[in-house]
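Encoded as structure tokens, here's the structure I'll be asking about.
The letters A, B, C, D and E name the chains in turn, as written, and every chain counts its residues from 1.
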Amino acid sequence: MGKDKKYFLDEKPEKLTYGGVFRRINDWARARSLWVVAYGTGCGSIELRPTFTSRFDAERLGMRMVATPRQADVLIISGYLTVKTLKRVIRVYEQMQSPKYVVALGACPINGGMYYDSYNAINRLDLYLPVDVWITGCMPRPEAILAGFKRLQELIDSGRADGWKKYIDNLDRYRENQKKIIKNWKMPNYNW
Amino acid sequence: MAFFVSSILLILIGLYAVLVKRNIMKIVIGLSLMDTGVNLLIISLGFIRGRTAPIINTRDLLVNTSSKVVDPLPQALVLTAIVIGVAVTAVALSIVMLMYSKKKTLEIDEYKELKW
Amino acid sequence: MEVLNRLREKFEITGDKVQRDDLALVETTGKDLIPVLVYLKTYEGFKTLVMISCVDWMEKGKFQLSYNLWNPEKKKNIIVKIFLDRENPVFQTIYKIWPQAEVYEREIHEMFGVNFEGNPTQDEELILEDWEEIPPMRRDFNTLRYSMEKFGEREPKSGIIIRKQISEQYDEWRRK
Amino acid sequence: MWAKILYAFLTLIGGIAYGLLLGGISRKITARMQNRRGPTVWQNFIDLWKLFRKKTAISHGVMFYLAPMFRLVGGAGTFLLVPVVVGSPYLSNFSFGGDLIVLMYFMVLGCLGMALGAAESGHPHAPIGVTRGLSQMAGYELPFILSVIVLMVADKTATLEGIVRAQQGGILHWHLFTHPFAAAAAFISLLGMMTSYPFQVVLAPQEIAVGPPTEYSSTFLSYMFSGRSVFAVAKYLLFMNLFLGGASNLLWAFVKTFAIFLWPLFITNVFPRLRLEQSVLFFWTWPTFLGLVDLLRIYLVR
Amino acid sequence: MVNPILIIGITLGSAFLIGIVQAFRPRWTGWIFYPTLVFDFLASAVNLYGFLSGSIGKPIMVKIGGFPPPVGINLLVGKAEAALGTLIFAVALLGAYHWGRRGFPQPQGKIMVLFLLLALGAAGISFTGDFFNLFVFVEITSIASYGLVASSRREEALEAAFKYMVVGSISSTFILLGVVFLYKATGSLNMLDIGGKIAGGFSSQVLGLISLLILAGLLVELEVFPINGWALDIYQGADPVVVALLAGAAVKAFYLVYLKTASYLALPSFFKLSLIFGGGTYLVSQFFAWRQENARRLLGYSSVGQLGLLILAGGLLLSPSLPASSRAMVLAAVVLLILNHSFSKSSLFLLADNVKGEKLEDWKGVLSSSPVFRFSFTTSVFSVAGLPPFPGFWAKLLLVMAAARFSPWLVALILAGALAEVVYYFRFFYLVSLGDKKAEVGNNLLAPLVASLFLVGAVPLAYKMAADKLSLTLPGGVLVLLGLSLLVYLLGFSRLLQWLASLGLVAYGAYLLLPFLKADLSGFFLGLILAGAAVLLLATYPGAKNLSSSFYPAYLVVVFSMAGLVLSTTWFSLFVFWEIMSWASFLLINMGRGKKAAWIYAVLSAAGAYAMLGGISLLPSPYISSVKSPGPWLALLLSLGFLVKMATVPLHIWARDAYGESPDDFTPLLSGIMSKMGVFGSALVFLYVVINLSSRSSFNYLLGWAGVLTAFFMTLLAVFQEDLKKLLAYSSVAQVGYILLGLALFTPLGWTAALYHTVNHFFFKGLLFVAAAGIVYRVGTSYLPHMGGLIRRMPLTFFASLLAVIALAGVPPLSGFAGKWLLYTALIEKGWIFIAVVAFLASTLAFLYSFKILHAVFLGQLQEENCEVREVPIPVAVVEIILLIPLVVLGAFPRLILDPITRVLGKVTALGIPDLKYTKTLGVVSRLGHWNALFLMVFFAGAFILALIFFALTSARVKLVGQMDVGYSGEVPRSPEDLHFGYGMYDHFRRAVKWLIYPLATRVWRGIYEALGAVAEMGRRIYTGDTNTYAAYVIGISLLILLIFKG
């Protein structure tokens, strides 16, 4: 980073509390208004198109695609994740505003899937990012994705989807893992 | 009359040289010719037939001078004019000399640096 | 294809083969490759460089570079290939003939470690960021072991044992 | 006075709610037109609440921080300068604050403030979207101005009350029917104002990531969201007053604004997008021509 | 009284003596040479003083050889002759000094002899009272000139000398022939005698022919077109000192004798001859000089042109139909012209002697080489081009006024020539002031300095002469202030002192002009000028800036000439101050980066001013308020100058670069106040001229369209401008277009709008330009793509600019909206609905560039190189705050300005009072609508604060992030440049409107300039450089004169 220091503020995020006066209604609203950042990482992003358009119509669940991570609630890891992409994914995730959720599609984020011996596809996503919902399959069909989202809504509604909190609480461990495989960490350290 | 005609011819010849000749020397000569022509013209203007020069060298001229001599003034003028003409020619020739020493030519076409 | 005949007259052709009606393979030497390519581009109408590919003939100790050209008027393909020494894989760039070759050469450099002299950008990262091992497409690179070391455990112990065995088998096979 | 302010405040709350509801309805209708179920009509309320109650937000600087307020106050101000029901002591808002000329300039304030805030974010997409929006505004303002001037000259007044009063006495006195060309021009320019397709290149989520508000999140976004909703309602109300004879009571106001709301909605769902220069040139040709027809008529008749 | 024969005798004697001394003691020659010249000069000056003081009553008549005239030869020295003699010897003295310092060519003594003979001949030509003697002196002069021209022995000099000799011989042949024939016809050679005879009714058939012969000879020497090729060659080829003497002095003697001969031989066709040849020479030479690339030849063309003007004036003098008052004007003009031309041209030629190389490009950078050079050059160019306050200006004024009695076409001709002169002289000026490097110039600068000091010293004299003749009175206080402003130049060693002195002077000016601050139009503008200048001057705090030492004097001259301008009661006075303002501002603009822009500005200003002068000359009475029944052309002529200053389409081409590249400290004044002088002038034209026009409404409508098209196109161009100051320049011009539109409406409401906008435009545009100056000072560039993100570094400036831009865009609740509201209300009331549409659209387009100003400078990404930029200097910040307050206060209480405007308009009886009512809640009600500024302000502020508080209480945890932390597709941006959107911001819009922003006006103007230049280029080819051709021209033209004008 060096000279770029002045362009990025570099301080550790504060711990966030969960709850408050309107906790119930907040959770209810969050569950019914999931904005998904349009970021396709692997082959699964092709499955998201039918999910969100007329055939399966995810919008009836209150979901919609947004173009910028700042406004999004949900990050979908749609398939295998290379080292190079992982770096971007971490950045996107950190630019999203809490509360935020991660949904991982397919086998690859779980254990590498068919890319178990690839020199550049990671094996386990949850070493690097907190995943709220895993949807298995290679790739999962839109029906499965919708089911996954339904599950996510349930989790949010009942206040159990707290990956964003875990990430902040265990940030040091996540960072360690991330930096282990990303050799040249050309990113601001803590920044959102 | 012959004086008039010849003087005007002289002027015209000089003018011809100045207007047409491409050699600097010829132009200078033309100028001198013009000068001479003009002088001749002036003299002939002052001439009155049957009178003598306005130089009082004989005694009888002392009486009634003005009716016996030609008009003296043109002659005086011509004297001056001749002197001036000589001076001009001298300056002209010296300029021509200098010009020749610079470019080694007397063709007027070579002296057209200054234009437009 | 009669192109081959003309090529044979003009250049040192060490082998050729007509694969299909519209595809021929030509093998030449490193010294003659660039003249051949220029000739094909200028006189024979093979104006398009489709791709450059590389093959690792580890057992022969060679890298094979294949230049795939396309004649859009006659709809013919020709592949010109050369062999490089695997220990010291150096060759000249052809990006002055086809600018797009720059990226192919960069990729081959990254994946196989072939050096293209004169290519201005070949040392920049194309796909791999901060790669420290030997180029990953070389066949002596053990990708499974690399994955295990780098990305850590992916499932219970038994799976790891199996993967270790596979990795060792690969090493043995490679040693043969 | 205080009662008036209170009523205006209540009207404003109602306006925001109405705007959000209209947004939900438009999503629903769009979905039905695309053969989907779509979200509930209350979806915008849920989204607003969620954004409002997000845990964290980021700011890029002072202007960035203030811009949502600009947007909300600009939208609300525009809304409050337009009488909902002309002549009613409660529902004519603050229309004593200024006439149509004031209104047309006040409309810009919110947009300009938001543009500045968005620009401070440092994201290139934001100013790109802003410049597109401003350019498009230069396009649609021309026909809109033409028709507004037609009305002002025809009614010899620049106040909305006066214009509404001039339309009383039956449906055929509406300017929609007395000045059909000007009305057509204005309604076409309304499409540009609402940034609906085919003039949607301003937001363009697919290429410049919703343009100006691209860096806004959480509570900021909820402010902008409500500002935009009430701004839309203000525009519908303005058009109602200009062309549909105003409203004699609240119900008529709902009906007429809903009718106006449907017009860009239907266009949006069946048209592709124009490039910016195409839309500017479009606005400067056909709607302008229509407006000029009525302007010439007014000019010659006078 | 000194006997003139002494001058001639002593000079001749010294000449011989030098010749002798040269042979023995060459060093001693100077001891004879200089005293002789000094004596000559002093003797002539004593005589002149005698004539002027009245101690010598009648002309001095010197008899030679004891014979009384007409028999003997005599000298006749009157006032004119004495003056000319003084002039000749003064110039000769300057030239001799200059030559002496540089070193005479060898052989020194002979050159000195020639020099003395030349001065003597010239003096003799003017002194003599006898025709033959005249011929002798002409020959003396000519021969001396041949020798001197050839003295430098360069090839060109020899060539020029030869040509001169051939042509001169022919001309003297003509003179000689004419003299002899004259003697033959009249029997006398004495001028007075012949004059008396002819006046007494003597007539002869050949007399006309004879006198034409003499005049033709003299016309050759007077270098009339087209028989002046030889003269141009001399100017180009000969030694500049010789040329200075020839052009500055000797030719004037020929001119005098020409006038004398023509008046003695009194032939009715003479004045036509003079007018035709003088006018033709004047116009043609000024025109031919346009594309001249050789500096000396350019000066030659100018000399020839000035002589042409003199001959033209002589023609006017000879004209029998000229009234006596006009004759006095022309006489004064001739005196001033001779004075002006002699000194300025000798100064210029002596300066040319100091510059290596003859091409214009060799002159690049000489202005920065030495202050003396700069002073002399500027003074000389200004005076030779006839600019205030130098004598040439007053001469031109007098001549034009006199010529107007004669024929309007003559006025047109004089002004066209003057314009052409400005074109090429300022092209010269612009080329000379180009280049950062200092050119190497000689240090032989005393003589030109003295000459230009003479010019400066002649200013009061010239002013007095002109003021007497024209019954011109300028406000005395303003003149004092102008004088004091020039004195500030003397403080040039310290900018800080100059700054303080300037502030004090403005304060003193305000005190002095306080009685004029009444509630009328001029009082209104005076208040704006004084208050504005004081505030803006504050911001020019020099600090570490690199200001020219003449910055503050010029600045003050601009300010006070504007004050004089608005206090003028006559058109003359208006014009004089207008010109002073224009040229002082030209100097200021020329101090900036845009030298070429300054040139274009100069040309267009001059064109406008001369149009105005033409219009003024056609008015029966000079009082502003008494223009009766003008024609539309007159109205247009009078307003053209003002339209130029307002940069109305299509006269706007100067504005962008002149504003954008003038010194940053001057631009606020230029935009905030100086452009308003155009507004003031237009207001006068509307009030006093257009109002009496029969086609008034269509004239107004036309100007209304001009105004709105200016607003529209300039706004459009501003949108695509990538330079901060140029963008603001376009914006400024556009706003002035609105003001013009308001004036053209000619309704009370329209004028209210215009005047309101005038004040308000000063506030916000002054603020923006001041801020721009501060930004440019800190950042070092005004190129927008190199800025961005400066809000972090200059929060105050951003805040000030934000408010200014909101006011500029006319968005409520700030002050800018009132002007818009009034204007649109007025437009719709008047029924100019098409104009209203365009005006509305233009103000919509203004939003585009408003955003651009703020975004490209302050928002977006802070660039790498601007990271350490600091807030603007304190004085600038102070001025920003001062100018900020009215924007907000007027936004809430527009009546603070509207009420005074109403009072001012109450004085303007032609208009009446605007139909505005005010409600109890401070709302404004017009016939069309209403608007409550205070309510909007309170409402907006209240709602904003409420919303802000609510937000702060309820919002999520807001975290400030770094500038590069943006959603970038997950990528980490490498540098701010990658993220900044600051170049080509409206390219998409440009694609839509590129047919509207085709630079038509620029192309057309440039096309006209190029075409005229090409014609001039072609025309110049008649000077082929061939001796025979020149001789043929002489013969041909003489024959033509004889044929056409005989009898």
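Keep this in mind: a contact is a pair of C-beta atoms (placed from the backbone, for glycine too) under 8 Å apart; a residue touches a chain by one contact, two chains touch by 3 or more.
As the structure is a prediction and not an experimental result, all values here were calculated from the model.
Novice: Can you list every chain that touches chain A and also touches chain E?
Specialist: D
Novice: Where are there more C-beta contacts: A-C or A-D?
Specialist: Of A-C and A-D, more C-beta pairs in contact link A-D.
Novice: From chain A, which chain is the farthest off, judged by mean CA positions?
Specialist: B
Novice: Relative to chain C, which chain's C-alpha centre is the most remote?
Specialist: Following the centroid criterion, the farthest chain would be B.
Novice: When the mean CA coordinate of each chain is compared with the mean CA coordinate of the whole protein, which chain is closest?
Specialist: So the chain nearest the centre of the shown protein is E.
Novice: Could you state the distance in Å from the CA-based centre of chain A to that of chain B?
Specialist: About 114 Å, centre to centre.
Novice: Once you find the CA centre of chain C and the CA centre of chain D, what distance in Å lies between them?
Specialist: 60
Novice: Report the inter-chain centroid distance for chain D and chain E in whole angstrom, where each centroid is the mean of the CA atoms.
Specialist: 53
Novice: Roughly how many whole angstrom separate the Cα centroids of chain B and chain C?
Specialist: Each chain's C-alpha centroid was found; their separation is 102 Å.
Novice: What are the residues of chain D that contact at least two other chains?
Specialist: Answer for chain D, listing residues that touch two or more other chains: 53-58, 209, 214-215, 218.
Novice: Quick check: what residues of chain C touch more than one other chain, meaning two or more?
Specialist: Counting only residues that touch two or more other chains, chain C contributes none.
Novice: Which chains touch, pair by pair?
Specialist: Pairwise, the chains that meet the contact rule are A-C, A-D, A-E, B-E, D-E.
Novice: So in the complex, the part of chain E that touches chain D is made up of which residues?
Specialist: Checking each residue of chain E against chain D gives 789, 791-792, 795, 802, 806, 809-812, 817, 820-821, 824-825, 828, 831, 833-834, 836-837, 840-841, 844-845, 847-848, 850-852, 854-855, 859-861, 923, 928-932, 935-936, 939-940, 943-944, 947-948, 951, 954-961, 963-968, 976, 979-981, 985-986, 988-989, 991-993.
Novice: Given the complex with chain A, which residues does chain E contribute to the contact?
Specialist: 867, 956-957, 959-965, 967, 969-972, 976
Novice: So in the complex, the part of chain A that touches chain D is made up of which residues?
Specialist: For chain A paired with chain D, touching residues are 16, 22, 25-26, 29-30, 32-33, 35, 53-54, 57, 59-62, 65-68, 70-71, 73, 97-99, 192.
Novice: Looking at the complex, which residues from chain C come into contact with chain A?
Specialist: Residues 127-130, 132-133, 136, 141, 143-144, 146-147, 150-155, 163 of chain C touch chain A in their complex.
Novice: For a test of understanding, state which residues of chain D touch chain A in their complex under the given definition.
Specialist: Spelled out, the residues of chain D in touch with chain A are 27, 31, 34-40, 43, 46-47, 49-51, 53-58, 205-206, 209-210, 213-218, 221.
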